[in-house]
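Shared between the two complexes below is chain A, which has chain B as its partner in the first and chain C in the second.
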Partner chain A sequence: MPDKPSITVCDATLRDGSHACSHQITLEQVRTYAAASEAAGFSFLEVGHGNGLGASSLQVGESLVPEGEMLRAAKACLRRTKLSVHVIPGFATIQRDIAGALDAGVDLFRVGCHCTEADITQRHIGHVRSVGREAWGVLMMSHMASKDVLLEEAKKMQSYGAQGIVLMDSAGAYFPADVTEKIGLLASRLDVPVGFHAHDNLGLSIANSLAALEAGARIIDGTAKGFGAGAGNAPLELLAAVLRQRGYPTSLDFYRALDVAGVAEKLFAGSLPGASDITIVSGLAGVFSGFAKPVQRAATQLGVDPRDVFFELGRRKVVGGQEDIILEVANELARRQAGANPGSPAP
Partner chain B sequence: MSQPRKLPVAILGTGNIGTDLLVKVLRSPVLDCRLFAGRNLSSPGMTKASLLNVPVSAKGIDSIRELRGQVELVFDATSAESHLKHAPVLAELGVTVVDLTPAQVGRMCVPAVNLADCLDQPNVNMVTCGGQASVPLAWAIAQANPGVEYIETVSSIASRSAGPATRINLDEYLLTTETGLRTFAACPHTKAILNLNPAQPCIHMQTTVMAKIRQPDLARTRERVEAMVAVIKKYVPGYQLILPPLLEGGRLVTMVRVDGLGDYLPRYAGNLDIINCAAIAFAEARAHRRQT
Partner chain C sequence: MKAALDLVRADAEAVLSGRTARLDALRGQHLFISGGTGFLGAWLLELAAVLNAQHGFGLKLTVFSRNARDFARRWPHLGKLDWIHFQEGDIRYLAELPRDTRYIIHAAALTDRRLFASQPGAVAETNGLGTLRILRAANLLEDLQKFVLLSSGLVYGRQPWETPAIAENFAGPLRCDEVTSVYAESKRYAEVIAQCAISESKLPVVTLRPFAFVGPYQSLQLPWAVTDFIRDSLNGGPIRIMGDGATVRSILYGSDFAFWVLSTLVNGRARETYNVGSPEPIDLISLARLITRHFTPAPEIRTGVGQSGHDRNRLVPVIAKSAHDLGAAVTVPLPVAIERTIAWNRLIQSS
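Showing the complex of A and B:
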């Protein structure tokens, strides 16, 4: 077997998992899990609100613990594993949010945006690089753009100073062939390493992650037990197994990497994600996985079918961060239902 | 009675905002556009201005300086960074400045709430597009509920309506919108979020205001919000309430959509429209006041 390239494995449990527990991660959970992540040897541990720095809000959900405290608590548990955060311009600002994260000792800033809007990351990536920290670019909801558009946007981020580019399948809508096409193009045309971040809405997170690796990805994201938005992410314990079996060198301690599953099972009992009618429809509709909980809440209050809400949100091509539209759509469906004649088809 | 003399104005900045503003100024019965100034004579905005027979210049702020004594009001539709440089020059010229960037140099003006208080100001700041849409709602919510603890606003705009200056000014947009909410709703904790959505056909601007309130009075809030929407409609015809205030998940939520007039960009660009309609409302009030 030819020598395979070394893979950077990013542990997003304490960031994407925030969506799975309505942003109620505790400091105790941060400490316990960060120690497990360090022991497993993941390259990076991402911590914070599901939508990243400065995103604790009525719009997306308020964090139980202020992000500065979460970041410091995690940092204190890490030695080899570096600390990363997710940053979305439009939520996070340099002055209010990135400055605080720099003080808390964050090593890597993964600056993300909707996959066609890379130019809004220019200042944030530039700032992080100017103070000597690492910055990557993240293209979110990347199922919504063609491979050529993604390449163009990724090249912009690279020109701003991004030292890695991650495609996120935020809706869990990719099929392996999509991954091969998009990651393949980016990996062959960019100067920086390319990564993939999967969601499991259609049960394809591991298959898609493997397709990414085979197409040239050098960075792969996962979460312990898939603890993440919607149906969850590629489970780290399974990624560790697949990477090992396919002969990709990593920094992982294999048994400790398997152990994170058990740690997560205990720590996040009751909040671990799984496939449901809602998450499946979310993936089919191509809507941000993090919408699952707010959609269920709004649908219950307004007496409409959450699956109808998801399909309508998909039709309107909402992007991550537009959670407020959920309530408008649910309200509109309820209004139409009330006005409809008995026996008429559901909207 | 003689026809009142129009207020001579100039527009600095020839991007989406400046060009849309130009169309609105030309339609105004009390404003007279003497100069449309930017830095690039071949930009789409400049081309449009030339076709409309408006004097143009590529010398930016210097061309305004050359008009000393000939214009009384200048709209600055450049960027926050540029306005910080322009403000002292314009102050020295003694013109009234309507700042459409999030530079926060002068007093914030949201016509539905504080137009009268701003008319004597040398420099007024039009907050942001999201601020013009959300601040009056936040103000109405605060009028109806004494116990507002926190106010947040989220705007979604079409990607095509966000030009380069808007994109590079995202941080200033958020901070200025938050300052606007804090100032007008007298609420210490505020947050602003902006989403760009590339969907085709383009989405119309939507703005949501959410609040945490001790013992919210929903009926009174609805009354106040509906009254406020009617006031805004007088100068922003496309402003419409699409989600009347409701309580959900421990928060009060209300939402508006802003259809633009389609003056420069198509009607989806309600964000351009609302800040420019607000700027025109101020400038026209200033013109009328000068007559009396």
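Showing the complex of A and C:
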């Protein structure tokens, strides 16, 4: 078998999984899981609110535990595995949130934005690099932009000093051919390593991750048992198996990497994601996976079909951070419904 | 702070030592420097300060920049000199120059690589239109002696790996379907605009093509190899090299760069183009080692952290013409340049 490049495997369980449990991850869960991640040898463990540093709020959900405590608790369990955070400028400020994360010992800042808005990441990436920490750029909702636009935006992040670029399939809307096309172009045109972060809304997270690797990705994201937003992410235990079988060198201890599934099953029982009519429609509509719970809440509250809400959100091309539109859409659907059935009272 | 400024002053004195006769024509003259608050601008002012204070040159300077006031406040040892007039403005809207201007150095340009991807239109506009504007203003002067245009070594496009160094007549390919070509293309356009001014108005334009530099006053936030390596080392490392470290550059110290430019004002032949840079090649892994040896413990150097297809490339000038016409030379060897730069940054950080 020809030499394959070494793959950086990022464990996003304690960050993307935050969406799956309405940001109610406990300190004990952080400690127990971080120890398992360390034992498995993942390159990075990402910790924090689902929407990243500084996002805990009424609008997108409040974290149970302050992020500084979460980060310190995780850091205390890590040796080989490095600590990373997700950063969305706007939620995260340099002075308040990044400074706090630096103090907590975060090694890598993955600075994300909607896939056509890379300009907003310049100051955050620049600041992280200026203080000597590692910064990557993350293009979220990347299914919404063409490969050429993604390359332009990725080049901006690279020029700001990003040391890696990750495409997120935040809506779980990709098919393997999309991944091959987009990751392939970035991998051939960027200097820095390229990565992929999958969601499983259409049951393609592993297939898409493999397509990314074979198109040249050097970074791959996953979560234990798929613990993440919407239908969840690429399950790390399956990624570990695929990487091993395809001969990609990693820093993983294979059995310990398989073990994280069992750890997650115990720790997050009741919150583990799975495919449902809602997540499937969310993937088809190309809407951010993190919207699943707020959409269900709004639909229940206003008596509308959550699948209709998702399709309408997709039509409006709503992106992460626009959670307030969910209620507006549900309300409008409820009014239309009431108009179509004038005899029934509006909920 | 004083120690940092003393370091720069000593370097300015050293580069001028025994060479001021080459600059005699500048005595009592008014120089206009566009973009005079960047890395090159700061060094030009440092050398001018030595020429006036120690050699009685009686230079008068107008420094035109978008950041003129900030610069004067940040560096009061230069900002408070009464023979330097700081003029704040945008080169795209420059209409006229001081009437007694005899020499012009046009260095105003958007050179920050982060802008090449983010605001390529602004790069094209500032670097192209800005050059057009200042040449038109220069054309109104009664007694202009020399106009030095700062272009870029990047106008050559890709230097072939098997070509050790490139002379001024090298014409390499540039990709005009790449947004990040905007800087090199804007500089090529600026050069062509200068050729138009020479042809139409017989302006005495000399073009310089700078390569890579290091030294005090250089921002470590710019994503260039040498600045990245120094900044990461100051932060404890590691140094991360995308490829295998075989990429080759040559790097000139700020004081040599500034002397080279001043000498061009006097000795550069109108209509000619000169390379500006060190002719000594160094690969990135050797450059990283040159830097890390100044730190204890030495920061780790990681190679191959980029995509596997990362290309090696080379950018090194031939400087025979500059050496002959301008008396240009490397007086500060790279190891010393690196040492001085690190020392300066440490002094600035601690002040």
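Here, the second predicted complex is superposed on the first by the 340 of 347 C-alpha atoms of A that agree within 3 Å, B and C clash if a C-alpha of one lies under 4 Å from a C-alpha of the other, contacts with A are read in each partner's own complex, and residues count from 1 in each chain.
Methods note: a residue touches a chain if its C-beta (ideal position, glycine included) is under 8 Å from a C-beta of that chain, and two chains touch if they have at least 3 such contacts.
Please read these numbers as outputs of a predicted model, since none were measured by experiment.
After superposition on chain A, the partners chain B and chain C are accommodated together without colliding. In the superposed pair of complexes, A:Tyr160 makes contact with chain C only, with no contact to chain B.
In the superposition on chain A, A:Ser146 makes contact with neither chain B nor chain C. In the superposed model, A:Val131 lies in contact with chain C only, and not with chain B. With both structures placed on the common chain, the touch criterion links A:Gln59 to chain B but leaves chain C unconnected. Of the two partner chains placed by superposition, A:Thr300 touches none, neither chain B nor chain C.
In the superposition on chain A, A:Glu328 makes contact with chain B only, not with chain C. Using the contact criterion defined above for the overlaid structures, shared-chain residue A:Val318 touches chain B, although it does not reach chain C.
With both structures placed on the common chain, the touch criterion links A:Ser188 to chain C but leaves chain B unconnected.
Within the superposed three-chain arrangement, the count of touched residues of chain A is higher for B, of the candidates chain B and chain C. Between chain B and chain C in the chain A overlay, the least Cα distance found is 5 Å. Common to the chain B and chain C contact sets on chain A are residues 119, 122.
By the touch criterion stated above, chain C contacts chain A in their complex at residues 113-118, 179-180, 220-221, 223, 228, 231-232, 234-237, 240, 242, 305-310. Against chain B, the residues of chain A that register as touching in their complex are 57-59, 89-91, 93-96, 113-114, 116-117, 119-120, 122-123, 144, 294, 297-298, 301, 316-319, 321-325, 327-328, 331.
Of all the residues in chain B, the ones that touch chain A in their complex are 150, 152, 154, 156, 159, 164, 167-168, 170-171, 174-175, 191, 193-199, 203, 206, 208, 210-212, 242-243, 246, 248-249, 251, 253, 255.
Every residue of chain A that touches chain C in the complex is listed here, in rising order: 5, 118-119, 122, 126, 129-132, 152, 155-156, 158-161, 163, 187-188, 190-194, 216, 218.
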